[in-house]
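In the two assemblies presented below, chain A is common to both, partnered first by chain B and then by chain C.
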Partner chain A sequence: MRRTLAIAALLFAATVHAETPRDFLTRFEKEAGSTASAERGARFFTTKQGGEWSCSSCHTERPMQAGRHAKTDKPINPLAPAANAERFTDAAKVDKWFRRNCNDTLNRTCSAQEKADVMAWLLAQK
Partner chain B sequence: MSTDTQPIRVWDLPTRIFHWSLVASFLIAFLTAESEKLRDIHVAAGYTLAGLIAFRLLWGFVGGGYSRFAEFLPTPRKLIDYIKSLIKGRPQHHVGHNPAGAVAIFLLLGFGIIAAASGWATYEDIGGHFMEELHEGASNGMMAIVVIHIAGVIVSSWLHQENLVLAMITGWKKIRNSAHENPAG
Partner chain C sequence: MKKLIVLPLLLAVLVLPAHADNYSVPKNPAFEAECTSCHMAYPPQMLHADSWRALMNGLSKHFGSDASLDEKRRAAITDFLVANAGGRKTGTTRDAGSQPLLRITETARFEKKHREISAATFKRASIKSPANCTACHAQAATGNYSEHSVRIPK
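The block that comes next holds the complex of A and B.
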């Protein structure tokens, strides 16, 4: 019973406090110890980095648009915060999807610098 | 030796095939959970798991002897008696599922249903972030039960000097005549 309650509590304890997309840029720049480059982010996002997919394989090269899952063909909501206010507002979600998607595209985790660059580029999309 | 032990048919073929197929489908689903490249395999494994559980629910009512839910439905009384016997160091011997194992089985089936349903909903973009969290919670719950189940199998095999893994493969257990205190079946 206690186990069930603990699991239920965990399920509902989704992060309550919200972040803004800028917070993530700040955080990744701090972790990387250098400023981000939107230009580098664009290149990173749209070209393959060793794996058979790039970020843009699913999210397209224009993240203001909706994407399409490269395997299942399911629609994916736009990634740029200017097009989708829900993006980059929850640290747990952001960390989870960077972990998963970096592994799919790079076969490794992304560095803080890479994430900072991508954030800078996504935030520049209007 | 052969005079005081007798082989007894415990797990019927459908139950055994179900058991090992569930092991395979859950393992595949768990290992492919994080990858978008393997998403179709993950989804196929999840739907297989759902179909297997649907079969098991049916088999729990129409299947044979020790596979029926009525045979191992864990009441609080049975569970308390069983745990007491463990504490005393003289564990009750059950030919089929012991009461603690029975609780684990119903939890596993319950978590499996939730995991499959919330996984389907997530894949179809229904229910949003909540369904995603529910899916991960239920799946991790399943894995926790699996770990406890495996520990229980090892401890129980050792306590009663019987190979429970082999029994789930062959369907047969060797039962000491003197230990025949569970007449159901």
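The block that comes next holds the complex of A and C.
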């Protein structure tokens, strides 16, 4: 019985902390109520959406590569999960950066559909 | 005897200027994790406590970018910055409208230390802006701003 509890606790801890990039795609698609489009995500990511910067201003148009902060010039590790295993593994971080960066590039929050599309495109990068 | 006193003094004079621009940046995981996502860790001593408070109260528009934090983390980092803030060394701490200065580059100390550097130099592609300390002070991230290690890139 104790062992079952221990295993259950471990499994619970694992589900709480270790998110995978695919989990975010699933979450955003569910919130949007429709499937993602990597093609739409690519367009969204690489073109300006009302703000001074696009996502690619810092993350480049090839997110398998490292980028640079458009203002401070600080190196930014690649965004695509295939190039950087740390990306999209922590919900608090993902939510924080979508909140900040959508505000900077769109002057508003991103819709679930926009986030799903970007996730689909990033996951397609190999 | 006199010589014995003069020598250490002379040595001190020679050595001190090199160390006067060294900041010991206190360790703080939250400060490092949050602030260095976008830029190097500026030593807390470079701004007055009033400036840090004002800056940390305006993170959703942080020099044009959204750098907002959850309240718990924001408060913790503010406490750290205020506790380690600079005193008199930062010079005037208010702007003409008597608001706290928000930019280290606006402080009298920064201006005095960089008066030989032209605006054009700061704009070079290799430097980009006066906020990019590491462009010329390679060891800035560890608090070393010594004049002896300055290399201004072309």
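Following the convention adopted for this analysis, the second predicted complex is superposed on the first by the 110 of 126 C-alpha atoms of A that agree within 3 Å, B and C clash if a C-alpha of one lies under 4 Å from a C-alpha of the other, contacts with A are read in each partner's own complex, and residues count from 1 in each chain.
Assume a residue touches a chain if its C-beta (ideal position, glycine included) is under 8 Å from a C-beta of that chain, and two chains touch if they have at least 3 such contacts.
Just so you know, these numbers come straight off a predicted model, no measurement behind them.
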Fill in the blank from the handout: Larger residue footprint on chain A, choosing between chain B and chain C, goes to B
Exercise for the section: Considering only touches as defined above, state whether A:Arg100 meets chain B (first), chain C (second), both or neither. Expected result: both
Practice task
Using the superposition on chain A described above, determine whether A:Asp73 touches chain B (first), chain C (second), both, or neither.
Solution key: second
Practice task
Please indicate which partner A:Lys126 is in contact with in the superposed arrangement: first for chain B, second for chain C, both, or neither.
Solution key: neither
Problem - Those residues of chain A which chain B touches in one complex and chain C touches in the other - result: 69, 71-72, 74, 99-101, 103-104
Exercise for the section: Give every residue of chain C touching chain A within the complex, in rising order. Expected result: 36, 38-40, 60, 63-70, 128-129, 131-132
Exercise for the section: Would you mind writing out the residues of chain B in touch with chain A in their complex? Expected result: 34-37, 39-40, 43, 123, 125, 129-130, 133-134, 137, 140-141, 144
Exercise for the section: Give every residue of chain A touching chain C within the complex, in rising order. Expected result: 69, 71-74, 96, 99-101, 103-104
Exercise for the section: Within their complex, state which residues of chain A touch chain B. Expected result: 3, 7, 10-11, 14, 52-53, 58, 69-72, 74-75, 93, 99-101, 103-104
